[in-house]
Amino acid sequence: MIPRYSRSEMTDIWSPETKFRIWFEIEAHAADALAELGVIPKEAARTIWDKAGGVTFDVDRIDEIERETKHDVIAFLTHLAEFIGPDARFVHQGMTSSDVLDTCFNVQLVKAADLLIADLDALLSAIKRRAFEHKDTVTIGRSHGIHAEPVTFGLKLAQAYAEFDRNRTRLIAAREDIATCAISGAVGTFANIDPRVEEHVARAMGLTAEPVSTQVIPRDRHAMFFATLAVVASSVERVAIEIRHLQRTEVLEAEEYFSPGQKGSSAMPHKRNPVLTENLTGLARMVRSYALPAMENVALWHERDISHSSVERYIGPDATVTLDFALARLTNVMDKLLVYPERMLANMNRLGGLVHSQRILLALTQAGAQREDAYRLVQRNAMKVWNSYQQAGAASVDFLEELLADSDVRAYLSEDDIRDRFDLGYHTKHVDTIFRRVFGDA
Amino acid sequence: MIPRYSRSEMTDIWSPETKFRIWFEIEAHAADALAELGVIPKEAARTIWDKAGGVTFDVDRIDEIERETKHDVIAFLTHLAEFIGPDARFVHQGMTSSDVLDTCFNVQLVKAADLLIADLDALLSAIKRRAFEHKDTVTIGRSHGIHAEPVTFGLKLAQAYAEFDRNRTRLIAAREDIATCAISGAVGTFANIDPRVEEHVARAMGLTAEPVSTQVIPRDRHAMFFATLAVVASSVERVAIEIRHLQRTEVLEAEEYFSPGQKGSSAMPHKRNPVLTENLTGLARMVRSYALPAMENVALWHERDISHSSVERYIGPDATVTLDFALARLTNVMDKLLVYPERMLANMNRLGGLVHSQRILLALTQAGAQREDAYRLVQRNAMKVWNSYQQAGAASVDFLEELLADSDVRAYLSEDDIRDRFDLGYHTKHVDTIFRRVFGDA
Amino acid sequence: MIPRYSRSEMTDIWSPETKFRIWFEIEAHAADALAELGVIPKEAARTIWDKAGGVTFDVDRIDEIERETKHDVIAFLTHLAEFIGPDARFVHQGMTSSDVLDTCFNVQLVKAADLLIADLDALLSAIKRRAFEHKDTVTIGRSHGIHAEPVTFGLKLAQAYAEFDRNRTRLIAAREDIATCAISGAVGTFANIDPRVEEHVARAMGLTAEPVSTQVIPRDRHAMFFATLAVVASSVERVAIEIRHLQRTEVLEAEEYFSPGQKGSSAMPHKRNPVLTENLTGLARMVRSYALPAMENVALWHERDISHSSVERYIGPDATVTLDFALARLTNVMDKLLVYPERMLANMNRLGGLVHSQRILLALTQAGAQREDAYRLVQRNAMKVWNSYQQAGAASVDFLEELLADSDVRAYLSEDDIRDRFDLGYHTKHVDTIFRRVFGDA
Amino acid sequence: MIPRYSRSEMTDIWSPETKFRIWFEIEAHAADALAELGVIPKEAARTIWDKAGGVTFDVDRIDEIERETKHDVIAFLTHLAEFIGPDARFVHQGMTSSDVLDTCFNVQLVKAADLLIADLDALLSAIKRRAFEHKDTVTIGRSHGIHAEPVTFGLKLAQAYAEFDRNRTRLIAAREDIATCAISGAVGTFANIDPRVEEHVARAMGLTAEPVSTQVIPRDRHAMFFATLAVVASSVERVAIEIRHLQRTEVLEAEEYFSPGQKGSSAMPHKRNPVLTENLTGLARMVRSYALPAMENVALWHERDISHSSVERYIGPDATVTLDFALARLTNVMDKLLVYPERMLANMNRLGGLVHSQRILLALTQAGAQREDAYRLVQRNAMKVWNSYQQAGAASVDFLEELLADSDVRAYLSEDDIRDRFDLGYHTKHVDTIFRRVFGDA
């Protein structure tokens, strides 16, 4: 966790205080179930809640005990006993440390997933608002970085919306994957604890009972969780790179927000850098990288080894905190993105109308020209435009006017025929359909 | 694709013949829709099916044309025209190459996913059979590679079953993620083709229409698909490593199948190597590695660049063919796995009954011994057993007999009290419950 | 290996014919050493060379034998015996299959490394030629995709040269890392074969003797080798992305080659796509991904397991063939790259001279203006230029002229003072120094 | 950085205090060079050292200023000016922030590399000591986890020594790769600063001048550095996994240290878990994962973007701190490893002498038996031994005695002939040679 790439709501999930609170709840709920089953006295279960339910545990004190006992769960239980008194001996009956640790880790991941889903909701809402705002803002579509045909900026955003909406679905599935609880004892056999305890704790903690565990909850669940975060991060990268492209000096169709007062480098007013989206590109690399050790964690030996533990101390917080920060930052970027529709048009038009050449070609053939003749006619006019563009970055020759002035072209097409093919509406006529597909009829 | 790690059903999906067949179907279904919309003559659409519906395309001929045209889709269309004749001009109307290529790639991935799901079904069935066969086969549970408490071999297999069952669910979701069709033209605007064509082709090809595409189907879908294969591969590795452990000379609780005639190395009868599961471990590494470039493919520039294409030429076949082979090989391994229940018992017992020490400790305290005294009593007997084990790898001292002979122990516990704690049934009493959770009431 | 991304010189290294030839040489050289040591008759060693030294082995025949024996080395030895006759029993004395397989793999990797180093030499030569050609071609330097200050195109190429020169050094080290030979028997103890045989074969095959092997050559060597290829691939990606940026429609400062006759899309003359460098970007992702399984291969169990083998069947050919192809393709791209110096200048000048604003600021303060005043003066002129740029993508206001016309500026600076600060030579004065650092005094 | 996996010597390198100290030194040395060149007054350069050379900078104060200026280097320079006074205006003349940031990062990586090399030295020393201690400790060599032929434990350690010695060489090369300094201005042209300043600072900071930089030091250097750490980590994993195998209950040939007083789980004396090496396995996964984003950092856009920065804030500290901790932990493990030579022999002998079967086979053929007969004779005796082993995990039948009692065997071999083939010395006769190769003649 790097403080500057962290938000407190997410880092709180990974604080020792939160962890010990979750440990307590697991133990207290287990005690309830044990009492219900007659294994421990009902008053003992009540006492646990009464004496410690409202307590904030003393992390320093627990650390101090751990330095002696060299065991984190025992240190916690010892500290807990300081509040509960003699009934403390009824805590943790028949359980093993992993029952507490693994269930707690999953509770933390579920909380993290809930935050990430809320992050996605906020991001989706920001993208949707901007998408409708720019539903009809015409801009050039580019394949291979080369001007192709017109699209609208709203369509670009609708694409981003649909992608993050898919990511939301994936994240919900990933959340479900790690929302399990195991209270099954040393090697998962329930030898010393009734399976009904697990079922009770699962219910109480908002989890489902792990159908079959070893000493630990199986790590394919976590591999899938972190792999899903990696895919979400890749989508963050995609949008970030789109904005970085749009902000480059030669394109400048959009910019990350800067306040009117703010002036970039005062002497160099053009030096407004897309630093937020560049930062997001880097953060995406990190979140992606965490998927690998998570996958290598799956093949624990026999009923468990502890190799996954160090990995999870890193990636549990790092992956969720970083992605939470990235999603919030991206939401902010999308929310405030400066969009320059005039520049979009200007960029498209700098090619002097060449984006319409294909439609003219078709019109000529439909009007009876041989394919080869049509090509030649389009090309001789297009090349004039293109050459003027290539030299200076803005065409000084206009394709429409060249065509209108070419008598061979006019032999097939009237002025109206030609002007009709320069209609941008041709390219945007299905935008409403696509928006309905993506956003529904709202 | 490495031939020795390939099965023909899967490699067939990636053959040029299959690809061209899918291309044809996309074009022919699109023509149907175009005819229905009145864009092309209905007879033309019929002619396409009539003249080419039964044809096996000539890959060499298409390659030959491609060498001239340097464009694979045009080469195919040219070859197609050789069958269809003049009506060929109604093929591919308003479409762009990516419409065909991307939809075809997804059709191939869907077919691959279907095979992989079938592979998982076969694997699940094999594991289930063996799990019930060994539901009550007691074996030692190990954490950290160290003997812990008894489990059954069936429980180990139930764990594997549950894990692959989760993978099946994931694979179904991943299949859905890539089961889309895009026929949306040069930059995804449907400028030259009606969205209803896409909807028709999608239906006809068993896909859903991509709500919003650029020139291409968005690659977050494929990233998720390959990430899911990577998780499945990690589970393959887990089971493979379990078997490799069980087969090592000192453990030898299970072995990959060898026929009775087959004798390993004839002079060294113990030299039967777990080469299949070692191989699976390596294959898992490969399938896992393919998830990364798939994720890096997400952030294509603007409406598309072609950087994903080379990556997919590798990982499309490599990931699916390798995982298919791995799942089939694992199924075969599980199906025929030689299991040695006597050796499982023998290994457990080589520690002279020490696995029961914790229960004796509890019994002593429940019988009124102070915790410290109970410890001391258990320990002085346990250490004798352990020391005899450590020297030779098999205890020559028996824990039960030592306890029975220790008068201080007997002051608290009768012979029956002690013998009762050596009951393996204590550890297996919830196996049925766990099996019901995993396999249902079947 | 994807045929379209393969070159025959490299794929030949991985052909069965090459492999069997190397196997033969290892066996024959080993026989020489064994004869020298008196273990086998000298005539036998000679017979091996005489009877089989000129032979091209029959791959189909060997495959046929392998289908029976299920062992590739035995199949080869059986086939070899068909040429050698009775003396064949002196072949492979005291050796183990891994001796042949691992040494052969390293020979193949050494050959591959030699090709890759030659590839780098060709690439370096192409870059150097273009660097000197464009040593003084002024272009805008960009940070964050935003115009910063002038550089020369030659400097960009010098950077690429220096980077690939470092990669050459790394590749030489990586080559050395895998240039070892092991002929050490079943578990590396030389129990059945004298270490001097290993030393002889190493020398004869251009390798060094592995100081200590297990059954296999340690895989940290190969991990380092493939990690190095991954770094080289990342540098390929860097240059590829630079060119993709330079070719995008709005920048168009360079383009991948197209012949004068060639016209892109005939109707859309601007549609020349940087498909080669996009392809290189994808290939780089693949080569990078192969480093991971190579690293996971290091931790083989005990004296070896076979999990590395399947991985190496993939990545041995795939990584080297793909990188070889990528380097050759990049060389070709660099060699023929179309560079547009006028457009470079035009792009820089589209900002109306703003790149010089910082120098004017400094000149003002050096001439006695208060820092705040200097800022204000620069900024009020700069903003006019910038606003005219932002609207249309090309400044209609010229910074130099605005400054010359600003009497407050002129109070500090003469016309010459101002014009001097617009001198591009200021930025390029150290280009020769840098070139000397990179290319030496050549 | 996870505190429990961190050592202070390494974390100190990444503290803000260290960073600011390095920044200061870069600035002060640059001022010296600027003074020498006559760009700034010599007294100013002296004043910088005099007033701030002994200062510990106030991190909180710098953070406070950064919150205002939103620029870390400016915040530092402002704070620095508070010490230096008016001459502060001569600091940072003609430099750009990246000059300071990138050079500092490399200084930190060099310091980190030096620590890691020292870590390797300590590790090598520990391994060497144990290797000589166990040079002649016979143990079974295992391929595929199956008993193969005898080796010595010292040979296993010699292999580890050779591997880490190679890693030391790699790390030295990696250190050299990032030991560069860039003081080259906004886009690397030295427009505002003389290249001799860079050369002076490089020398003073123990670096070499970067031959050609953009705004930043090229990131292929860092990619190689982190890839090398990943390879070292893979070697750590290899040794860790070896020890985990040796410590498993059934093998128990070595154990991580526990003090004589220490008793594992008091009731379960066998429950000593290899938690340190399991932990190392997890840490290796993390260090390995950091190589990927480092490689993705190479392809920065044009003269730089800032996407690498966030990545390096994570992996700079995380990779070096984790690997430092891992190497120190591994050294400790090796240093104190409990080795059980008797158990090694016992394990080998549990197969009743079968490891010698191959030598008997050879002896029989050399004594004139037909190969088929020899096989049959060996096998009928071997199978008896093996069957007795397979049932209980320890052979109750002895191979040597069976052979001696087999009259058909004895027809070819005398008692001495047979006993000779059971000589372990046959397998260890080249241990000295191998040790000389690895450790030299020391």
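In this document, chain identifiers A, B, C and D correspond to the written order of the chains, with residue numbering beginning at 1 in each.
The rule we apply is simple: a residue touches a chain if its C-beta (ideal position, glycine included) is under 8 Å from a C-beta of that chain, and two chains touch if they have at least 3 such contacts.
Please read all numbers here as calculations on a predicted model, not as lab measurements.
Shared contact partners of subunit B and subunit D are A, C. A rotation of 180° superposes the C-alpha trace of subunit A on that of subunit C, rounded to the nearest 5.
In this structure subunit A contacts its sequence twin subunit B using mostly the same residue numbers, the overlap exceeding half. Per-chain CA centroids place subunit A at a distance of 33 Å from subunit C. Our note on geometry: subunit A versus subunit B, Cα centroid distance of 26 Å, whole angstroms.
Computed from the mean C-alpha positions, the centre of subunit A lies at a distance of 34 Å from the centre of subunit D. The residues of subunit A that reach two or more other chains are 142-145, 148, 244-245, 273, 275, 278, 288, 292, 296, 301, 305-306, listed in rising order. Within the complex formed with subunit C, the subunit A residues making contact are 142-148, 244-245, 247-252, 263, 266-275, 278, 292, 296, 340, 342-343, 346-347, 350-351, 354-355, 357-358, 360-361, 375, 378-379, 382-383, 386, 389-394. Of all residues in subunit C, those touching subunit B in their complex are 2, 4-5, 244, 273, 275, 278-279, 281-283, 285-286, 288-290, 292-293, 296-297, 301, 305-311, 313-315, 318.
Chain contact summary for the complex, subunit C toward subunit D: residues 141-145, 148-151, 155, 158-159, 162-163, 166-167, 170, 173, 177, 186-191, 195, 209, 211-215, 218, 220-221, 223-224, 227-228, 230-231, 234-235, 237-238, 240-242, 245, 288, 291-292, 295-296, 298-306, 426-431, 433-434, 437-438.
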